[in-house]
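Below is a structure I'd like to ask you about.
Letters A, B, C and D name the chains as they come in the text, with residue numbers starting at 1 for each one.
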Amino acid sequence: MSPILFIEQVLNGLQSGIMLFLMAAGLTLIFGVMGLINLAHGSLYMVGAFAAAAVAGWTGSFVLALAGALAAAAAAGAVIELLVIRRLYDRDHLDQVLATFALILIFSESTRWLFGSFPLYLDVPAALSGPVRLPGGILYPAYRLLIIAVGLVVAAGLFALIARTRIGIQIRAGEADREMIGALGVDISKLYTLVFALGAALAGLAGALVGAIQSVQVGMGEPVLILAFVVIVIGGIGSIKGALVGALLVGLTDTLGSVLLPIFFSSFLEQSSATAVGSALSSMSIYILMAGVLLFKPTGLFGEA
Amino acid sequence: MRRETLLNIVLFALLPATALAAWMLDEPFIITLATKAAILALAGVGLNIALGLGGLISFGHAAFFGLGGYAMGILASHAQSYAPLMESPFLIEGTKSMPVIWLVAIVTSALAALAIGALSLRTSGVYFIMVTLAFGQMLFYFTISWPAYGGEDGLSIYVRNGFPGLNTLDPLTFFGVAFAVLALVLWGAGRLAKSAFGLALSAARQNPERVETVGLAPYRLRLVAFVISGAITGLAGALFADLNRFVSPTMFSWQTSGEIMVFVILGGVGRLFGPVAGAALFILLEHVLGGLSEFWHIYLGLILLLVVLFARGGIVGTIAGREVAHD
Amino acid sequence: MTDPVGQNPTAEPAILQLKNLRKSFGALKATDDVSLTLRRGEIHALIGPNGAGKSTLMRQIAGGMKSDSGTVHFAGHDVTPLSTVARARAGLGRTFQISSLAMEYTVLQNVMLGALGHEGGAMRFFRPVMARTDLIEQAMQALQRVGLENHAAKRTSDLSHGQRRQLEVAVALTLSPKVFLMDEPMAGLGASGSKRMTGFLDGLRSEAPILLVEHDMDAVFALADRISVLVYGRIIASGTAEQIKADPVVREAYLGAEDVA
Amino acid sequence: MKLKSLITAAAITALSAGGALADAHGGKLKVGMITTLSGGGAGLGIDVRDGFMLAIKGNDQIEVVTEDDQQKPDIAVQLADKMIQSEKVDVLTGIIWSNLAMAVVPAATAQGKFYLSPNAGPSALAGKGCSPLYFNVSWQNDAFNEAAGAWANENDIKKVFLMAPNYPAGQDMIAGFKRFYKGEVAEEVYTKLGQTDYAAEIAQIRASDADTLYFFLPGGMGISFMKQYAGSGVEKNLMGPAFSFDQGILGAIGDAAVGVKNTSHWSKDIDNEANKKFVADFQAEYDRLPSLYAAQGYDTALLLVSAMGKADVNDAAAFQAALEEADFASVRGKFKFGPNHHPIQDIFMREVVKEGDIVTNKILGVAATDHTDVYGAECKM
């Protein structure tokens, strides 16, 4: 493999990590503040993608589509928070898993009922549809650079939000001690609705951005959801920094694993079995990574016990 | 008599009553459904030992369910093609005998549970949930991409395996076999919950520090519970494979883990007969709602949601009330 | 202030010996170079204001918390590297300040747990534990000694705070430990209960010595053969009740303070 | 009516040797359709169902019971049991996915039921696992790929990059292509099943010196890949079996798919009466363009109706013979069965084009004439 190709693959790994981060950030935020395992996070991702496809279909504008995705996912998040999620905060993880599993069923089939069974069309904006030439001669899709940029902006924004703003202070207080923020005179239920809607909006944004280069279809959220959980568990649940590091680790492992493992095995196996073994192992690689991290750090890289 | 005991008797009688009624009405498919309910309840009883008694939220029990299934699939497919599994260093041949297959399924899944549990139990809480999920996913992807036994296509076994002296092809007989296994395991699980081990395990769930202070190691208690739990779920997997005469990687998927968990929660966590109630209700819903609408998952989701939000303690908990569950 | 580390050759040999234990949480030194001994037949009381590090020290001894440095010797062995479980098996019987009981269980079931631990394991999967008359007998005896025999069938979460302390002690009794580590067994007991518990502990010391953390000063002065005073993680004084009462440093640092329980 | 059915029943009872096999529902034929109607793969099942129902619209001799398999093999097996044991159907059909077919077909034929496959053709069922009661009305997994391999030989394709998901159907497809293709293979890449991001593979494709990419990525995987490939600026020829470029999917890929060559046994512009009627009727009935799945569902129903006109389903041997004749006007034009009950048919090369605002397929030419699969030799029935 040429060095240029290797660098490009590393870039791909980082980029796929950033996509995962967009999804994982909301999930880890919600877990950190409210202690809630939200399996329906993938459904909010799907809501974002479908809303974007619908808005883009009506208006033809990608920017409006993104705005629509943010609004729809935040609204969906706020609604389920008010109706369902807030009854789950003081329940154990088991009840949360079952209730949000039920939400997945409801969201998926309602979406199919509304939009039909066929995948929807959502394309990248024309201005970003081609590749750009990076230093070193690498051709790289412009839209993927946009995703990297958005991901970094979101990461910076979240760090700033948590470190600098009033809401951030309240969020941190809530993470440390739930009763304390009540004592501080903060309206906890409002704060929780807000945080949940924010997490949902992040998922919706991820869905819309990623939907433009993937398939906008029912059930698109579940595989990403599992990956996002892997990410936040590796990083340490509740930690934004952990989510970022975990996402990059998972992105790199996944991408480089699928590229390098077949090459590695072909050095001592014949071609077809090397491809088979390499592909099989690479599809297991991120789970092996996660199990490995947890064995050495049972609460993730940046998690607290 | 306590209400829960009464309820348990009703629940226990419900499955064979359904199967018998279906037999008399000549509705063999209803017998199949009752068999499915019994087998999935068995998987749930297995999970419930880890989940209810031990407080171990395993999101990876599909691993054991699938291993049990593949134990059946691999042994029976070799018997079907008369090709031995292994010739050196010693000959291992396939088999179509249920008791042998069950034994292999139990041992295989117990060993897997020992390995997975030994590693996973170093973590706790959400991390435990996710690391067990990770092990399940590993096996899922492994079976999909492992060509020897059909990969994603799975393995079809054309004729159901045999049990000495019984005609397992007859739906009612096979129901009887599955139900007898369920009854035996329920009895064993009931004894287990009341045993010294059950007392200590459940105490470790309520307060691990307490258990340590009396000189018992929670890790060991939990590991043993995880192994027993995995072995039972593995046995259920072998039976499930025999019900369908088919195994596939779907048995390893995270949705399968989720469904087994749903049976337990729906029925009532930690209640001996909870999984029986949960599995029966789930299959009833699937059957009835599936006929009503193409979008029946919406109604299923709504019902699950209502149960979690308003019927705490699951079906058994709601009907029997909040009595002490472990005496 | 005599012989804080238990080096006096004329005294009973120390069954429990702490040497230079330290534990810090960030900048906070919870315990700072703590050394003390417990000899056969004695009650050694550990007193000090809230937050002085008493509970941390108890956990360092029992094994729930790893020490930054220092050692714990018990019955002639260095148990510092051992887990809580191993230390319990070696004969450290501990009761907790904040009740640490299986709340869903009945009182009897909690004590049975201790009896199982004493028996050496719970890897019995089949025989109903509540049919083990031998264990039930042991458990009932322990309940009787602390005065809970009439509450055996009660759910633990229905007990009063004081009763939970008594139950903690009963569980520890079933273990027949070589040493008792008791963290505030009198809290919440009320006057008559305290009196009864004081009498009980007084007799218990001949079975096994007690390292007693307690806020009830009447009980401490009535029971303790020796008293050590812990303030800000350090032992500032150690001696008999009279010596401690008279110690000016203690009076200033502690007994004069408002929060004498 | 009652009298008529009584007489029919009596006649059948007299005719059939067993007697116990007597048809419980008069002269009608009962079809059990197990297909995917919920979840991400529902589009394909709905098309098969709609195509099938269109063909038997107004035909009161056929009763169809439809059930959703949720794309889960265990559910499909149980539904098959239900159809056979409770609904007492005569014929089963509807399954979309090979892994579900592998689970259901052997069980159904073992219980003496006919199975007509409107999609999915795993090699096992064409070879050693073939059955007199199993008829494949769609294709064997390798067919489109073998035809594509043959087409590549004749159209100056020298070096290909092969890509498919790492599961049996994916491996079959690639093997099928290589069986006929004589040129060079630059690289062979197997992706994760359900993979959504193909940046790494696209980088490999870019770096390779292949002139053509041949790939099989069904459903959402194909949509994701095509969108990402379009943005990458890589310009190699694209080719694959029709599954990633069918009508239901093209709408979601959009212009990115234009120019892709794909092999199929059907296209909406095949010039024959049956096809014109089908395309027009389908659009009138459902207000969308038909897909190849809809065409297969439609043909399956036509086959069934043709056999019903010749024999009674309770006479298994006669009904089998009637099905073997395949005496119906297929929307594909030519259609007959080989000895293993798999199709002998022409495979076309299509190209994705834009007609007005709609992205769709048009035929370039025939890639393989009277194509049949290679597994027939292993089939002993």
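As a convention for this text, contacts are C-beta pairs under 8 Å (C-beta built on N, C-alpha and C of every residue); 3 or more make two chains touch, one makes a residue touch a chain.
By chain, UniProt protein names: A = Amino acid/amide ABC transporter membrane protein 1, HAAT family; B = Amino acid/amide ABC transporter membrane protein 2, HAAT family; C = Amino acid/amide ABC transporter ATP-binding protein 1, HAAT family.
Only a predicted model underlies this, so the values are computations on that prediction, with no experimental measurement involved.
Trainee: Using the touch definition from the top, list the chains contacting both subunit C and subunit D.
Mentor: Touches both subunit C and subunit D: B.
Trainee: Averaging each chain's C-alpha atoms to get its centre, pick out the one most distant from subunit C.
Mentor: Centroid comparison gives D as the farthest chain from subunit C.
Trainee: In terms of Cα-based centroids, which chain occupies the most central position?
Mentor: Located nearest the centre of all protein C-alpha atoms is chain B.
Trainee: Roughly how far is subunit A from subunit D, centre to centre by C-alpha average, rounded to an integer in Å?
Mentor: About 36 Å separates the centre of subunit A from that of subunit D.
Trainee: Please compute the C-alpha centroid of subunit B, do the same for subunit C, then give the distance between them in whole Å.
Mentor: Going by mean C-alpha positions, subunit B sits 44 Å from subunit C.
Trainee: Averaging over Cα atoms per chain, report the distance between subunit A and subunit B in Å.
Mentor: Centre-to-centre distance between subunit A and subunit B: 32 Å.
Trainee: Distance between subunit A and subunit C based on Cα centroids, please, to the nearest Å.
Mentor: It comes to 50 Å between the two C-alpha centres.
Trainee: Where in subunit B do residues touch two or more of the other chains?
Mentor: 141, 144-145, 147, 295-297
Trainee: Would you please write down the residue numbers of subunit A that are in contact with two or more other chains?
Mentor: Answer for subunit A, listing residues that touch two or more other chains: 108-109, 112, 276, 279-280, 283.
Trainee: Residues of subunit C touching 2+ other chains?
Mentor: Not one residue in subunit C touches at least two other chains.
Trainee: Could you please write down every pair of chains that are in touch?
Mentor: Result of the pairwise touch check is A-B, A-D, B-C, B-D.
Trainee: Going by the contact rule at the top, pick out the subunit B residues touching subunit D in the complex.
Mentor: Per the stated touch rule, the residues are 27-30, 32-33, 36, 141, 144-145, 147, 150-154, 156, 158-159, 171, 240, 244-246, 248, 250-251, 290, 294-297.
Trainee: Considering the complex alone, what residue numbers of subunit A touch subunit B?
Mentor: Per the touch definition, subunit A meets subunit B at residues 31, 37, 84, 87-88, 91, 93-95, 97-99, 101-106, 108-110, 112-113, 226, 229-230, 233, 237, 276, 279-280, 283-284, 287-288, 290-291, 294-295, 298-300, 303.
Trainee: If you look only at subunit D, which of its residues touch subunit A in the complex?
Mentor: 38-40, 42-43, 46, 166, 188-194, 196-197, 199-201, 203-204, 206-207, 219-221, 223-224, 227-228, 230-233, 248-249, 251-256
Trainee: Could you list, by residue number, the parts of subunit C that touch subunit B in their complex?
Mentor: 62-64, 83-85, 88-89, 94, 96, 100-106, 109-110, 112-114, 116-118, 120-130, 132, 155, 171, 174-175
Trainee: Quick check on the complex: what are the subunit D residues that touch subunit B?
Mentor: Residues 37-38, 67-68, 72-74, 77-78, 81-82, 85-86, 98-99, 102-103, 106-107, 110, 122, 124, 166-169, 171, 190, 192-193 of subunit D touch subunit B in their complex.
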